[in-house]
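Take a look at these structures.
What follows is a pair of complexes built around chain A, which joins chain B in one and chain C in the other.
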Partner chain A sequence: MESLLFLPVLATCRLLLAWVHFPVPDGLLIDHQLTSPLTSYFRLKEGLWLYNHGVDPYVGGILKHSPLFLSLFSTVPPGRVAWALSDIVGAWALVRIWRSRQQLGQSRRDGLVGTAYLLNPYLLLPSLASSTSTFENGAVLLTLMFAAEGRPSPALLALALSTHLSLTTLLLVVPVLMLLATSPTSQLASPRLFGGSYWKVLRYASEFVVYWFVLVCAASIMAGGVWNWMRESWGASLILPDLTPNPGFWWYFFTEMFDHFRPFFLMVFSTHLVIYVMPVCIKFQHDALYAAFLLLGILGAFKPYLTLADPGLFLSMFAVFPEIYPYLRHAIVTALLHAHASLLLPLFHALWVIEGRGNANFYYASSLVMGIAGGAGIVDACFAGMRIAVGSVPEVERGKWEVIQQ
Partner chain B sequence: MHWGGALFTLCLSASLAASSTNNVPSAISGERYNEDLFIRPLLGWQNLLEDVLRDSESSGQHYTLFPLTLGQILEEYSIAELHLTLNSGKWDYDHWGYPDDPSVGTGAELWAWMADGPSSTIDERWTGLRNALAGLFCASLGSLDMRRTSSPSTVFPISFSPSTPHALRYANLPSENVCTENLTPFVKLLPCKSHAGLATLLNPQRIFDADWHGLSIHLRSTEKGTELKLGVQAVFDPVRLSGGRRRDWSFRLLFDRMAGSSVVRVQVPDGESHALSPTFVADDSAAAVYNLITQVPLDVSMSWPYEHTFQYTRVHQSRLVPLSIQRTLRGSSQIHVGYFENLPALVTLWMHTMETKVDGVKRDDLISNVTYHPHHVLANGQKSPSTFQATLTIPAASTLHLSMEVSRAFLKYTEHPPDAMRGWDLPPAILFPVCDPTMGICDMRSTSADVRGRMYTPSLLIDLPTPDFSMPYNVIIFTCTLITLIFGSIFNLLTRSWVIVRVED
Partner chain C sequence: MQWLQHLPRHCLFLLACLAAWTSAVSQDEPVANFFGKHNGTSGHTNNWAVLVCASRYWFNYRHMANALGMYRTVKRLGIPDSNIILMLADDVACNARNKFPGSVYAKSGRHLDLYGGNIEVDYRGYEVTVENFIRLLTGRVDPSVPRSKRLLTDDRSNIFVYMTGHGGNEFLKFQDNEEISAFDIADAFEQMWQKKRYNEIFFMIDTCQANTMYSQFYSPNILATGSSEIGENSYSHENDNDVGVSVIDSYTHFVLEFMEGINKTSQVSMQDLFSSYDPVKIRSHPGVRSDLFQRPLEGALVTDFFGGVSQAEIFPVTEEDADTALQYITRVSFPDHVVHPDPVSPQACHDQGVNTTRSNATALTPEKDNIMLDVRWKDIRKWTSIAIVGFLVGWVSFVR
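Let's look at the complex of A and B:
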């Protein structure tokens, strides 16, 4: 892994996997663990068919993608190579984030970081299933890469794009703005107050709003001058019209919810996502990249239409923060919970939906395990990120002192 | 041995001609009432029976033969043409051929051409019409709401040329059952109810025991006024009724009653060693005609005296694969037929996976004029049905497979019916006549159309994945507990301060 050629070889292998028309079973395209109604390639193709035949694709609730995808894939015919390229771009962005954090040109650990992204099954399988979450993850990683390298305009443009593609990425706006105002180097061991200038942050925020607005106008023009795509693609995260099962919490909760309480609990769940932003950013104001990492973890457990790609991004980003490894309290438990959930989810899904034999509760229970796994990862990362600041007990005194919270 | 069967079609049609009679002097009220009972053998042993009664009236608001309730409904909702059928069973086109009344789709089917206006008033009148008919016929037609209503005007064309524009509303409920509760108000619409005429034959215990039975009400505006046709079609199986031994039938066996008045026609099967009694009066076009005015009461019976026990012959059943139609063409030239599908929002059609195959070879040129409206969300949050319409060209002596992928919806807890494990019925697809495009525009009812009348595919039962109905409280508890645990842990971590504690030895 230390060889310089390791990453290019891996990238070539990924491209070959797409080129060689590896026989991916058709069931992967519509697998509910790997794709969701917001990211499913099947729906994108249906939207393209409707668009080509003169039917408004946003009317029936079939297409929930952004019009940018429609226009991209109606000019460029969709192929698996696009997904392989997006994977490679994401891995490259992660390596660049690692390098900016360590302030190194090249390091021996680059290969490991790239592997953590390219060979992560949570990210590889949705990419093989042609889920557009690959593009969303790539956009998020590009944002963090440009922000870590201190290039505001590309970072804000990438942030506007990733927010446009997936509404819940709005959680990352505050840490990215903070990251642009400070530096990405690891400050976890020495917390201090936010050192950036608030005026700069405000300027960057307004620039972000401008980029976002331009993208919205471009998408509306591509959709034929109508605004109903917003209700379908962004509104889906807020209103949850489609109750397709996925590894997240929301679907079963709102399946079993009576209509009277639905708006209240939709508001509660959406607000729940938002309330993590300020506390995490305040607590980690010395290290905005770590705050972004934690918020990605929150998204990877509590997003409305969750797929395996979302916790996958969080787990891959662990490779960028090796300083916290000694302070992770239950890494093995988290890994086992993830293994447990990822093996049970497809099994119970097939039993319930495809065969009609099992009960929905089995699948719900395995999605709860997935939630616990995600939660365990976030809690552990949060603890380790703060524990590192206290420092370790020296050899002489080990056993006599203990660091706790109260 | 070829098969026979008897199709019993009892059509009671009452025509009401309600033209404006301001300048017509008081003439004899032009109400006419005809009855017609037609018995046709189908396979070896089944009987198709069609009983038609027709009424017509020309005076303004006089309702003597024509039922008052239906006339009021027509006036109230400005309806030009109305068709309601309540059927039960699956019509087997392969063995029974074309029915005399083409509307043989399972369940309740209602379509109406109404005077045009803003779409909200049309929808209001449609709702009023459904509720009025539901009350009149004791059928749950009220559930034919906007989740099942669409407007396919090429499939159900208006039968006259109207001077003002009209709009169509069509809805289908395949899970509607037909029973005596529907037959009783149906028979009440007749002038003499069930006391006289062929309606005396309508014994509900026999009719609803038939292999296939259906009630139909057809209201049409003609030049002379309005024509109402009430029909009962049923496919009887005398072999089953006689305990599996003989295929002789008689009115006594089929209806357990005798006929009252009007005309009975029996189509005589050819080449059979049968005996038809009583001796028939007139014989035109292979049908024995009995005029019941002269012979009352009448018990028509057909027997096969030289046959000891009826033997069933082997039948090759054609299978129906879910959502792919399989139609074997026995004609010698290719046929153009229109295909119409009106699916409620329980299934989503994936049009980009549509495939047309003949004998395993993909032939995308055989499907044309595809019109597709996906289901969209209505104002009250419900979803309208998705309609799919296409013209299929079926080559001679071949089988055309039309297939596409379908996904099932995941409904909310409250949207499932009480018996959720049964599943939902999907309405039948309709094959309707279109003209060969090379022959130019032509009249739908002309003989140049390849398919005579509409054909209905069987309805399907679909099984949606159901949530656990005992779990709302538990789900809320579990999910909220988990969210709270994680939130609480993160909250504690973020807000507490570090303390270094000396460990006691």
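Let's look at the complex of A and C:
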């Protein structure tokens, strides 16, 4: 894992996996754990077909992808190689984030970091299922990579792109702006007030808005209208028109929601995502990359159309923060909860949908376990991130007291 | 909610269109062309079956088997349970004397269980009465009668009415209790004709002196056949030694044998069915009455009555045709005067329906140019958006 060739070999293996035409079972492509209506491969193909035949692809509520996916995949055919390349780009970005954080050109842990992304089953399976969450994750990692390397414009462009592809990534705007204004190196042990210049942050924010606007124009030109694609792709996260089961919380809640309460609870659920931004960023204002990491964890548990790729990104990013490992209090509990949930989810889904012996409650219960797993990961990471600052208990005192809460 | 503001405008437009449409063009010819397009002659759009076994008790096992055999055939050829009214006394399958409980067989040797696990009997036991039968046919049912027990036919329905039991000269015995006469059935059919409750009726009856039952019909579009002449008995076909009673009647047996060779795509005509009657084998003289039937019997398919066949037209679609069709659809669905293209609004649907035939003549010729332009416009949009994104990426990478 420490040899220089390890990462290239891994990347080649991933490409080979895409090249070799082993038949991916259809069940994987439509699996509700791996794809959602926002990321489904079949919906993308349907949208492409409609587009190629001159019908507005956003009429009918099938296509919920961004028009930029349409323009990309009508030039480049949506083959598995594209997904493999996106995976490799994401892994490479993660390695570069790690290197910027450590301020090293190369390190012995590069291979481990790359493996943590490429071989994470939560990320590999959606990629094999041709779910476009691979591209969304890749865009997020590119954003963090450019921001960590201190290149504002590419970072802001990548952020505009990832926000465009998936609206909920808006949560990352604040930490990325903060990261651009400060440095990515680990400051967890020495919390201090935000050292960057607010003026710079404002400039970056306006540059982000400009890039975002240009992308919206490009998308509108592609889709032949402004509101049709916005209503379908971004509106889906806000209005939740499609209640396809997924490992998240939203769908079940809204299947049983009376219509006159729906707008209120949609607002509550969306606000729930947004309220985490400021507290996390304020608490971790000394280490914006860690704040971004925590917000990715929040997204990975509470996103509207969750798939396994979202907690997968959060878990892979643990590899970039080895300094917190000694302070994680219940890492094994989190791991077991994830194992538990990832085994129960497909089981109860099959029992409910395919066999008809179970019902939605079983499946929702297993997605609640997934939520607990995500929550346990976030809470543990949050505590560990703060605990570092307190420092280790000196040898002398170790039996006598321990830091429980800061 | 933008369409709500334009609602009065849409309504006026719709009214104007309807007025122009109804005054200008007569409806009959296009309608006749539509219904005659594939079927050739029949003009029906749905099929119903009314299968009546008018006997009860164990020794009338064969009448139950007759009706169930017809039921199976009619279901096999495509009429769904929702369009079949099955009236049986239904007292043989679970009869204490039935050595094979839950099963009804129509042949000795017991190879095919007609009762099975999937039949839907609509009128069972004491509900099979003359009054219920006539109410069913005429539609004068109590409001509390459920949908599954109603004959929900319309003027495009072909109905197959099959009756079996003990009968005589112009009567049929219902459950050893009452009788229905040929006049009653004829009057019921006339009521149906007046109320436009059928397109064509095929009446088949298997009783003693069956042909007398259809002698009194006087409504149009009825084709009738019966198992035996006046003064003749209809005989059962065979016994099964283990069941212990006759399991099928002769006439129905040979009709069912003939039907076993028919499937949904069959082009066999009613004349072929009637030609297959062999009075020697059946041991009675089956009759046919076709004077009330408008079409020639060679042109009437067996599946017109026995099957629930829907017409499907398949023509090879080339890419250009698909483009044409879809361009046409999009253009028709969003005409200029409908402001907000909300595809599910009723106004848009009505406008589409009304506009379709009017723009039929004009839309065809300028199609070709418009398609090319649309195709190019779509490509222009795609490449423009790719160019914008590419330019942005390039600018950010190299300049900034």
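Keep this in mind: the second predicted complex is superposed on the first by the 403 of 406 C-alpha atoms of A that agree within 3 Å, B and C clash if a C-alpha of one lies under 4 Å from a C-alpha of the other, contacts with A are read in each partner's own complex, and residues count from 1 in each chain.
FYI, a contact is a pair of C-beta atoms (placed from the backbone, for glycine too) under 8 Å apart; a residue touches a chain by one contact, two chains touch by 3 or more.
From a predicted model like this one, the values you see are computed outputs, not experimental measurements.
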Once the structures are superposed on A, label A:F302 by its partner contacts, choosing first (chain B), second (chain C), both or neither.
-> first
Answer with first, second, both or neither: which of chain B and chain C does A:P154 touch in the superposed model?
-> second
What is the contact status of A:A219 with respect to chain B (first) and chain C (second): first, second, both, or neither?
-> second
Contacts of A:L170 with chain B and chain C, given as first, second, both or neither | neither
Between chain B (first) and chain C (second), which does A:I62 come into contact with in this model arrangement: first, second, both, or neither?
-> first
Would you mind checking which one, chain B or chain C, touches more residues on chain A?
-> B
Partner chain(s) touched by A:Y51 [first = chain B, second = chain C, both, neither] = second
Taking the superposition as given, does A:S74 touch the first partner, chain B, the second, chain C, both, or neither?
-> second
Which superposed partner A:G375 touches (first chain B, second chain C, both, neither) = first
Intersection of chain A interface sets (partners chain B, chain C) = 53, 55, 59-60
Quick one: which bits of chain B touch chain A in the complex? Just the residue numbers, please.
-> 348, 350-352, 370, 372-377, 383, 386, 407, 410-414, 463, 465-468, 471-472, 475-476, 478-479, 482-483, 485-487, 489-503
For chain A, which residues are in contact with chain B within the complex?
-> 30, 42, 45-46, 48-50, 53, 55, 59-62, 241-245, 249, 251-259, 272, 276, 279-280, 283, 301-302, 352-353, 356, 359-361, 364, 368, 371-372, 375, 378-379, 382-383, 386, 390, 399-406
Within the complex, which stretch of chain A touches chain C?
-> 51, 53-56, 59-60, 67-68, 70-72, 74-75, 152-154, 157, 211, 214-215, 217-219, 221-222, 224
Which positions of chain C touch chain A when the two form their complex?
-> 322-323, 326-327, 329-330, 343, 374-375, 378, 381-382, 384-386, 388-389, 392-393, 396-397, 400
